[in-house]
Structures are given as structure tokens and as C-alpha cells.
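What follows is a single structure, written as C-alpha cells, with notes after it.
By letter and in written order, the chains are A, B, C, D and E; residue numbering begins at 1 in each of them.
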Amino acid sequence: MQELMKNRAIELLSAGEVDRVVGWKKGEFAYDCTPAIFTDANDLRDNFVYDDFTAPNLSKYLVAECKKGGKMAVFLKPCDTYSFNQLQKEHRIKRELIHVIGIECNGKADVDKIKARGVDGITGITSEGANFVVETIYGNETMPKYEVMAERCLTCKSKKHMVYDELIGETGDVNPDCGRFDMVAKLEAMTPDERFAFWRGELSRCIRCNACRNVCPACTCEQCVFDNPNSGIQQKVAVTSFEENMFHIIRAYHVAGRCTDCGECSRVCPQSIPLHLLNRKFIKDMNELYGEYQAGEDTTSRAPLTNYNMDDCEPSIVHERGGKA
Amino acid sequence: MQKIGVFVCWCGSNIAATVDVKRVAEALSHENGVVYSTDYQYMCSEAGQNMIKDAIKTYGLTGVVVCSCSPRMHENTFRKACSLAGINPYMVEIANIREQCSWIHKDMVQATAKAIILGKAAIAKVHLNAPLTAGTSPVKKRALVIGGGIAGIQTALDIADAGFEVDIVEKKPTIGGKMSQIDKTFPTLDCAACILTPKMVDVAQNELINIYSYSEVAAVKGFVGNFTVTIKKKARYVKEDVCTGCGVCTEKCPQKKVPNEFNLGMDNRRAIYIPFAQAVPKVATIDPDYCTMLKTGKCGVCSKVCTAKAIDYTQQDELIEREYGAIVVATGFNPIDLKDYDEYAYSQSPDVVTSLEFERITNAAGPTAGKLLRPSDGKHPHTIVFVQCVGSRDTSGCGKPYCSKICCMYTAKHAMLTREKYPDTEVYVFYIDVRTPGKSFDEFYRRAVEEYGVHYIKGMVGKVAPEGDKLMVQASDLIANEQLNIAADMVVLAAAIEPDKSARPLATMLTASMDTNDFFTEAHPKLRPVESPTAGVFLSGACQGPKDIPETVSQASAAASKVIGLLVKDHLTCNPCVAESNELMCNGCSSCEKVCPYGAITYIDKEFRMPDRTTLVRRVASVNPAVCQGCGACTVACPSGAMDLKGFSNKQIMAEVDAICK
Amino acid sequence: MTELQMKEQVLRMSGVDPLKCMRCGKCSGTCPSYDEMEYHPHQFVYMVEKGEISKLMASDSIYKCLSCMACVERCPRGVEPGKLVEAIRLLAVRRQGANHLKPDDIPAMLDEDLPQQAIVTAFRKYTK
Amino acid sequence: MQVNNEFRPTIVAFCCNWCSYAGADLAGTNRATYPADVKIIRVPCSCRVNPMFILRAFQRGADGVILCGCHPGDCHYTSGNYYARRRMTMLFSMLDYLGIERERTRVEWVSAAEGAKFAATMNEFVETVTKLGENKRLEDLRCKN
Amino acid sequence: MKVSYYPGCTLKTKAKELDKYGRKSAEALGITLEEIENWQCCGGAFTSASDEIATKLSSVRALAEARDKGQDLVTLCSACHNVIKRTNAAMAKDADFAMKANNYMKLDTPYNGETKVIHYLEMLRDTVGFDELAKKVVNPLKGKKIAAYYGCLLLRPGKVMAMDNPENPRIIEDFIKAIGAEPVIYPYRNECCGGYITLEDKTIATKKSNKVLHSAKVAGAEMVITACPLCLYNLQKNGTEDLPVVYFTELLAEALGVKED
């Protein structure tokens, strides 16, 4: 797979069809590959990487790249294509400048889960059927995928590419029964006190590093409200404990109806806060109250929060429906 | 840094009785940026306004906070005063310490503390205010009058007289309204038709007036100066421009058993009809509920007899879209349904009638050709009992809590006319109070008693029992302290009046406010009685409250003069509190555009100079300030906060929040 | 009890606000017992408002009311005069020995068809 | 605010200019009382109210926030309250999800004619919030210990 | 279908027909009337005074029993209906009264007006349906001109009783139509017959009853029907007009063909 992609990228670059390729290269460790812009075939040959650790969603990087002009190629996993569409809908990227190469994805490994099994000195990873084979300096370790796969991949909503110009590997199907809202439903079924305890446990770990915001493909504002002295809620550094709650609530609210549920926020959180559960709550509510809607499915539909029906439910539904008092 | 002046109004004792105004002025004087703080009995008076003007000059104020009544009352007054003194009118903020403080709180300590907080919030906002300049929007020089009764007719004639086009939308096949059903008018007793029908003809002949009869307003869009109204012209199955009004069809139509609504169902008309002889437009209308041709496809008599070939059974409802600068509501009234008052046996005996039915009975064009005859047997009644306040002043839930205002006078008229024409008839009027404020009104009522011998009895009828050909009326005479039993031949009920049922959906379309009784509310009950709080919407006649004819006509003319005052302007000053996009922060994502109800937001490709001297072209939102109405929907849809609302900016509102919550 | 205390008690028991009365007289216009009564329904309202309770208590009028509720039903202001009559009657019969109907009186009143209902109702109305 | 040991809540009421603010004025004109704890902020339309304002109010110590607008269908700007309705539904649902007392937030449609309803709503809301006591949860959510 | 049934004292003695034909007809219509156990007399009159508690407790007991069985409470006698329905409304709406009554009663579950009180006529209209009833009629009372006599107890106070429009009711007229007869509308159908005044002053009762009967007769009635034993007594005993007065259940049983055993 990696070689196919690498060769195709070199081919596009050499033929002058694009002047750069957006892909991944290895970081300090084998498992922390980072997004990279390749303009040179040799660089590609030496550093381009794609394996079961290459999780980052590259769509967001196209926003900055499009401003520079020139044609580019990008590799997008199925879930990344949703983000791509959403960015196109919001006029944040220029479709005509981008050659989208859809790539097959069967779920990425979560290195934290691997490490939690006591595996150390990781140098690489390969797939063998239902197992990952993790290469380490101490030899290979084989483990079942479902035990160490990232949460977002275990509940993958779609293996189908929403957009591509060419495909490497196969495109799959949308999976409506992925169970991605199970945890939200579980939280909803708790008492307010239990929910409060849960979120207090999670959110109190936040260090306001902004990693979630920086990685989020929906957070591409020219200037974030939290950085804008005129927004009235500027907070470069959280001064009071309250501000961090506000940050996460506002961030979730700002991406509501725009979030494709790519799960990058939770992936990059150094404190392992399940931030995607905030976004999924909004998605679930909107699906239930205003009809099924999947951001990034297309490039034209109206999102629930920029739309309405005359007979929408009243906000008091929050008081009336489920969840214990 | 702003230099702010604070002016605390006593509003006589309205504020000062519950709020310690001195304490408020003193407390606010310590707020950051406040350089002058004072209190005065009436800030809105000329002397009060001069205080503000003088302070602006003396202290070099850049912002003004007035702690007074609701901004809906005097914001403009104070803005004008500040403008005259040389500061931008939008540097004024009002702290509402009357309606939202002194009038609802009783405890002086609490009310004073709240007034101080409200003042602080206003000060916090003024700190962030910026001078705003209003744009303008053009005025469509045409008016719409909804309702073609005497109110609508008078308004339309007056507007047209000033040289503006007017459309009248009337839901019935003819204009004329309730007045066309009335026989004589009090207190002069001139014939209603004689004074109304010439006006109807004037309307028909006026080139500037266009009547949409048998039509309804279906939708209203836009705002003052620029309304777009969809009018539904109901199919009348007769070509209006071809029909000559000869009336042959209305004589030949074989369907003769249609209750005639013009005579309140006391006689019948045909399925094709002209409501009355002087109808305007004088055009026949087919009643689809009764026409055999329309219901079964078999008949076609009217089509055969029509020499003008005006009948068109295939006619459909038609939607017409027209633009107007102003809209006048003149939807009028109806008597209430008496189903909850059957102690008066209205449903049991045809000889128990409403006053409007009595009006038709005494009208020469009515079902009895003007002879006073009982509906049941066509005999002349010798004893008539009039019952006042049937459903008026009723708080029990069956009727209306208000006084219907016109009943005392028309009942006096009915009683007097009956006694004049038929001196052998005994007439009793049961009253709770006789209300006759109005020119020559009380004299009129006294004449009924003193010259015509009408028996006015202070008391109320408790039961009407039909027995044989008599109506046994059981009533109290409070002054004699006895219960009366009168064997009457007819009973006339002065039913309460209520706004027409079409008024409420219309108010929703116009976003005009109504009171709990479905009367339209005025912009100000005393000072702006013919304007609705919604700009560009005016009120004429009984849609605003019970009124007699002279009052209706004066209000109609007043509404017309307000409309003319609007239409003579070429441009209206726009609300400067409009949305504005900060191009540097705008992502160009189109969220705001999607929620804008006015289509005020478009996108432009804007060239930005980058720090490295290159240029970048980016798509950004641009607001048309003449179209934007300032709702602020876009500001919340904008994820980056690039979109903000002038006069109600994010920072201003949050400053108020902070001041309140501190 | 003073007249004022009695007035307060009557108002409390009946839940009636005589100030709502607009003096239309419909209660007296509709009352089937009007001619049997010394004081008529509208007078009950006005006299209670003025605090003339003992006059009403002493009057036979309180036993002539049929409790048919016509005045209550038809009052346009929701004053409910019938409830005032009832409250004043209760006040009267609750007084020691002031029962309007005594068990000893009953046999003379009976006939073979008289329903129980009439007797229990009368007891409820006339006695404490 | 703690006075004489009796908890008095701080309530922020956002009122749209056309209906609810006028309704509040009408409550005043009719002398329909409600507690002084309620402070009204005038906004042009319920759709002007940004969830940020509500969170900001809680941040600065508000114990309850209520948003009043024109009845659905009666919006002066035709559709503003429909958007506000969805926005507030989402925000309230999220606060509930985080375990914040759902009774601290409320949306009520009050027309310009409903002075009595305005006062009744405020009385009821103040009573509800007073029973809940001081708003601590949003702040405590982030408590480090 | 089963409902709780409150007969009342008069139906056990002087007004046995009202009860008997009511039961028979209900059975014929597929409705089981389950008599409330140990019911006590309702007292005959609802005292509107707010401090009268004890006199209303027998009604509360019956209401609570129906509530515990999860059934609607059906009444037949107009007086019982008036007392029980008004007591029920007071239990639901007057918190102070409900508290005091519950304190006396010491029920397992306090009663707060949960039971739906319906008159037999309402049961015919809303549960059975007059159209359905008409289908079950075997002996239609064709051509009979019948005047419905409501009296005051069934309809007033209108807001509480909420059976029909108190000034222009039609429920008994519709019933008359359903059993095949012709209703006669007359103005005194909802005016008082004199009620319990008969004990004290027969002349008043006679005056009132005659007014009703005369009014019905002038309107062309051949017969008057009622749901109230006291009305029946007054019209028959104190009235001097020659017009038969019967319970509506008797005609119902006759129409349904279940009158004779």
C-alpha cells in the first residue's frame, strides 16, 4: 500500500500534474507520523510513510495550502473525505487545485492501547488479517486488532469515500449500525450527578494546550474567537477554571452541524479526554430532533443549525425527554 | 475613554416613589468614565432635555445614559436631544428603571439596588458604543388598505386625495362593511346608505384606488416603505371586468334557498348574487357552496342568461403580488355568537334577535322592506324588550370583558325610531349603565325617554321564555326593587362586538401586536393611536377597539394622514444597527448567508495584502446595510465571530451581562 | 362577633368578592325565589359589601333560596351571589339552637313518596 | 448574592425588542410584580443571543438565564426565533449532558400583549432557580481536586 | 367494560326504578356497573362554603375507591352527581380543602381529584355513543313528544359540571332522539322545580313545578323525563299539570327491550 501510494505521488509530481503532495512522514518515533508537504520526489522516496499508525486527517492542511495557489495531491482516508467535503462546502478549500487520492483504510492502531499492554520500543507495525504485528526492538508482538484499534475506528461510521479523483485500494460502505452513539446514550441514561462526575473527571484534566482546536478540520477560522480581543471571550490562557469549560462547550457548539465526527480531537488530546463525546452528543441530538444529518456527506445541504422547521420541538424538550432528573 | 453623563429621571413620582433617584445618581457617579451624574423630575421635558444638552457642552460628554422609562417610550427623544447638542445619537443608552423596576417592585431598597445595576449595565454598554450613521431605503409610493368598510373607504379616499395609489383588499364581494347594513345613524338619524353609498361610488370612480374585492391577504414580506404583499383573489366565477351588474342571473338562478348573509340569514338569496343594490363593484358572485353547476356540473342557467358572457365556471383563485410603502388595517368587527347566552332564548325563538338583525328588519332594503314585523309570524310587535350588555362587560368567560361602546346609542336609536314609527308599541330597555359620552349623545338618549316615552329600566333580564306567541321576559328592576315579568312580542339583544376573526392571522403576517381580545394595539395608547408598533402598519376603525361611525371616520382619516406623511418621503432613514462583517476574520463559510431572512448578505472576493507584501484573494461576506434589518441571526451563525451587530455588539452585550452579574 | 368579623367570615367561607359586582341585577332578574325573599340576590351582594350581615341572617330570605345556582351561572362578573346566601345561612344555623329544621318537625312533613334526598338536603341546608 | 442568609439568585433575562421586551414593559404598565432579581437585557431578536452570552453570564455568577422571544410564527424578523429555538435546544441539551441543572436555563415565548405571562414566567423561574440555590456546577466542573 | 357506580340513598328507597332500569340498561349495553362498597349518603347538597369538610367526606371516600380500582365513577341521581362532581373538583383544585379532607380520611394514598366523575347520560353519550345506542334500540318510542327536564343540579355550575352548555343543553334531547322519540325544547327545562323547599313550603314548590310543566306542555310535550328523584317528586306531587313524569332510565330500558324481567 505504502509503495503504491509513494509511486503514484512521485508519478504525479514528476509529470508536473501537481507541484506538491500532502502526505505523512515519520516523526521521532515510528508511531507518531506527522502530516508533511512533499515537493520533491527524493523526499517522497525517503520519508513518505503510510501504515497502521498514519492516523492524521490531512484535509485541514489543504486550507493553508490552497492559499498558496498551485496544484496539489492529497491522500484521504474515507473519514477524511467527509472533512474535505465540509471544507469545500464552507469555501475553505479550492477543489480545482486539489487532486484527491482516496485510500483504503481498515482502522488505525491506538499506540496508547499497545503501550498499555506493556509493549515498548516500537519500531513499526503491519497488519496480518485480524491482528496487528507490532515490531519492536525486542522482537515482534502480535495482538488482535479489536483490542488495540483506536476507538473511532472501532465505531467507524463509513468506509466509503465521499469524494476522490482516483482510488488506491477499495472504497467500502457506510455503516449505520456502527454504534458510535452508544457511549453518549450511556451518559444520557445516567443521573445528572453521575454525568457531572464523569465530565468533571474528564474535563478537569484539560491543560488548554489547544491541540484539539489545532487539529480539528472544522476549526479553520481565520482567527479563533478565543484569540480575538473583540469577541468578548478572548482567553489565550485560561485565567479561571470556568474558562476551560466554556472553551470546550463553545468549541463543540461552534463545530456543531459542521463536525464530521472524524475523531481527531480525542486522538491528539495529550490528556486523553474523550472530546468526541461532546461532538457526538450534538450530532445525536440533531439527528434525533431535526432528522438525520451527516456533515461532509455532500457539499450543498444546509446544516441543522442554519435551518429550521416551523414545528421544531421547544427547548423545554431537554427537560421533558429522557435522562433522569 | 468615554466621558459619560448619567441622568436619572423621577418621572414625577412614577420612578421616584419606589426608587431613591438621588441615591442612584450618586452611586452611578462613581462608575468608571462617569463625569457627571444628576437627577431631575422629568428628563423628557424640555427642561430635562436642556439639562442633557447643557451637560454635554459643559462637561464635554461623549456618551449619555438616561435612567428613565422604557427605551420604547423616549429613546428617540433623548437621541434627538443629544444629536442637537452635537454628539452622535447612538451614544445614548437608556436604563429602563420605570417599567422594569419602579413599577414592578414595591420595596425601595431592592428597587434602588436594581436601578443602580441597570444603570451600571447601561454605562458599561455606552463605553463600547460607537457613533452610528443611518443609511436610507426607498419608499414604494402605494398604500394597501385591508378591509373595505367605512374605515377602509375613508382611509383610501384620503390617501388617494393626496395623490397616492391605494389598493383596498375586501374579503366580501363588495365594499361597504357593517355600515351598509345599518339603517339610520345616531345621533342625527340620517340614513346610513345615503351617506355611505356616495363614498363607495367615489372609491369606485377614483383612478388611484384599486379594489380587490372577494380577496384576502395571503402573505406579507418586507418592512416599512417596502412591503411585498400576496393577495389571494378568490374565484367568483364571474369575470369582473365583463359583468355589467345587470342582475338578470341573480333573478334566474334556480337555487333560491341560500341564506342571505347581508340580511343575517333572515331571508334567502340565489347561488349567484349581488349582495345589495349599491354594491361596489357591482358584479355578481357565484357561491360555490350552493351553485348546482359547480357542485354537480349540471345547470348553467346563469351562463345562458348572461348577455355579457361574464360567467366562467373554470375560474381559479388567483395570487397577486403587489408592493406597498404602507399598510392600513381596517378589518372591523362582528357581533359575538350568542350560543352561550341561551337564557335569552336566542336559539329558541326567531323573535329574539340581535340588534344588527333588528337593524335589517327596520331597513327599507331589508327582509321586511322596512316594516317592523316579527320574524316568526310577520305580525307587528306591540311590546319590545331591548337587553343591553349581552356579552359585554362579562368576565365570567362567556363574553367579552370590555364595553362594546356603541350599544347604548344604537339601542336608544332603535327604541326611539320604534316609538316614532309605531307609537302603539311599548318599548323597554334594560340597562346596567347608559353610557353616552359624545357630542349630542346624552341629549339623544334623554329624548328617547322624555319625548318618545321609552321605558328605561335599571336592571337586567334574567330569563326569556317563549310561551305560545309571547316571550316571557323575567327581569329585575333594581330601583323599584322588584322582579318584572313582561309578556313581550320581540326581544332585541345588544350583542357584544368583537374583532373580525381574520384579524389574528393577519396580525401574525404583519408581525403587528394584538391585545388579549384580538384588538390591534397602538404604538402608544395616547400619542400614537393610529399606528401599530410595527413600522409602516397603521390602524383604522374597530380593529383597534370598539368605535362608532364618527370615531371610526376620524381615526380613518388620521391613519390616512400618517400614511401620506410616510409616502411623501422619497427615502426612509434606515436602522443603523445593522450587521457588519470583519473581513479580516471572515472565513467566507456562508453560514451567515443561510440564516439571513432578508438576503442582505453576499460574498465578494477581497484582496488582502499579506505581511510579506504578497496579496491574497479571499471570499468574504458583505452586508447590504439598506436591506439588513438588524436581527442578528448571522452573528450567532458565524463561528469566527467576524459578523457582529452594530449597537448590539458581542462586546456590548457581554459588558451588560458582566455589569448585571457582578 | 362584630358585623365586620361576620362579614370577613362570610367572605372567607363563600370565596365571593362582592367588589366584582357591577350592579347589573341579573341575579335578581333570574332568581326563581325572588318573590319569596325579603332581600334579593343583588341585595345580598351589596349588603355583604356594606357589612350588614345580621340583618340578612335574621331574614327568612336565607331559607327561601333554592340553591339552584341560576344566579351563579348567569352572573356576568363571576360574583356568585348564591354562595353568599349559603354562607350566611350556615352562619345562622351554626348558632346554638338556631337550627331551622328540627328532627321533631320531620314526621309532619313526610308523605309516602317524598324522596330521602329531600330530607337530607333540607337537613344539610337548614341545620348545622 | 447572600443577604440576611436568604439566597437571592441573579437572573439574566434576554428579551427580544419587539415582543418580550414590550411584554416586560406591559408587565410594568400593569404593575404585575416579579422579583428584582431579574435583570433584563434588550436584544433585537432572540436569534441575537449567542450561547457565549449565556455561558458568560453563568461564568460571572448568574444563577439562571432565561431567553424570551416572540412566539414561533410571530418573529418580527420572520424566522429569528426559529433559529434561536434550535440553538438554545442544543445548548441546553449540552449543559444537561454535562450534568448542569437543566432548570437554570429556559426559553419562553412572550408576546407584546402578554405582560401577565411575562411576570408569571419570571416569578416561576426565580422560584425554581432559588430552590436550586447558587450556581456552582459549571465552575466546579473544572475543579482540580 | 367496568365502571364504578354510586347509586345514592334515594335510589335504594323511593327511586328504585331509576336505579333498576339504569342497571338493566347498562347490562344490555355491555357495561358493568360495580357498586361502590359501603358507600354512604352524599348528603344531598353540596355546600359551597369552604369550611365545610366533614359533609363532603363520604363523596371523597367513594371517589378514592373508584380511583383505587382505576375506574370512572358513574352516578345516576342528579343530586349525587352534583355533590360528587363538585367535591371532586374541590379536591383537585382547592389544595387547602384537599389537605384537610385527606387529613380526616387517612387514606393509604391521599386523594387529589384523580377520578373522572361521569353521569349516566354522559356515559351514554361519550362511552356508548348515541348513534350506537340508537342501533341497539329494539322498541323505538316513535312519535312520542318528550320534554327533557334537566333541573338545576345536572348543569350548574356550568364550569364545574361541564356536562353540556348550561343554557342550551342537548344531551337529554339527543338521548330522546336516540331512543326514537321526538324531543320538545322548552325554556324552563333548566329552571328549578323548587327542590327541598317542598318540606317547608309546598306552595312555592307547586309554583315552581307548575311553571316547568306548563312551559313543557305549551311546547307540546306529552311526557317529561328527568334524572332526579326530587324533581320527579316535585313535578308529580306538587305540580298540578296533567303530564306524566318518568325517569329517563325507564324509557331507556323500554327502548332497549329490557324493561320487563
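Just so we're on the same page, a contact is a pair of C-beta atoms (placed from the backbone, for glycine too) under 8 Å apart; a residue touches a chain by one contact, two chains touch by 3 or more.
Being a predicted model, the structure only gives us computed values, none of them experimental.
S.K.: Identify the chains adjacent to both chain A and chain C in the sense defined at the top.
M.R.: B
S.K.: By CA centroid distance, what chain is farthest from chain A?
M.R.: C
S.K.: Where are there more C-beta contacts: B-E or A-B?
M.R.: By number of C-beta pairs in contact, A-B is the larger.
S.K.: Could you give the separation in Å between the centres of chain B and chain C, each centre being the mean of its C-alpha atoms?
M.R.: Taking the average C-alpha coordinate of chain B and of chain C, the gap between them is 46 Å.
S.K.: Need the CA-centroid distance for the pair chain A / chain B, whole Å please.
M.R.: 56
S.K.: Need the CA-centroid distance for the pair chain A / chain D, whole Å please.
M.R.: 35
S.K.: In chain D, what residues contact two or more other chains?
M.R.: 51-52, 56, 73, 79, 83, 87
S.K.: Mind pulling the chain C residues that touch 2 or more other chains?
M.R.: Where chain C meets two or more other chains at a single residue, that happens at 70.
S.K.: What positions in chain A touch 2 or more of the other chains?
M.R.: 225, 231-233, 305-307
S.K.: Which chains touch which?
M.R.: Every pair of chains meeting the touch criterion: A-B, A-D, B-C, B-D, B-E, C-E.
S.K.: Please give the residue numbers of chain D that touch chain B in the complex, ascending.
M.R.: Residues in contact with chain B: 10, 12, 17-19, 21-22, 24-29, 31-34, 36, 39-45, 47-53, 56-57, 60-62, 70, 73-80, 83, 87, 111-113, 119.
S.K.: For the complex, give me every residue of chain A touching chain B.
M.R.: 67, 89-92, 220-225, 228, 230-233, 254-255, 258, 302-303, 305-307
S.K.: Give every residue of chain B touching chain D within the complex, in rising order.
M.R.: Listed in rising order, the residues are 70-72, 96, 98-101, 103-107, 110-111, 113-114, 117-118, 121, 221, 508, 511, 513-516, 521, 533-534, 577, 595, 597-598, 629-633, 635-637, 645, 648, 650, 653-654, 656-658, 660-662.
S.K.: Provide the residue numbers of chain C that touch chain B in the complex, in ascending order.
M.R.: Its residues touching chain B are 20, 22-31, 34-35, 40, 42-43, 70, 74-78.
S.K.: Quick check on the complex: what are the chain B residues that touch chain A?
M.R.: 582, 584-591, 594-595, 603, 616, 618-619, 637, 639-642, 644, 650-651, 653-655
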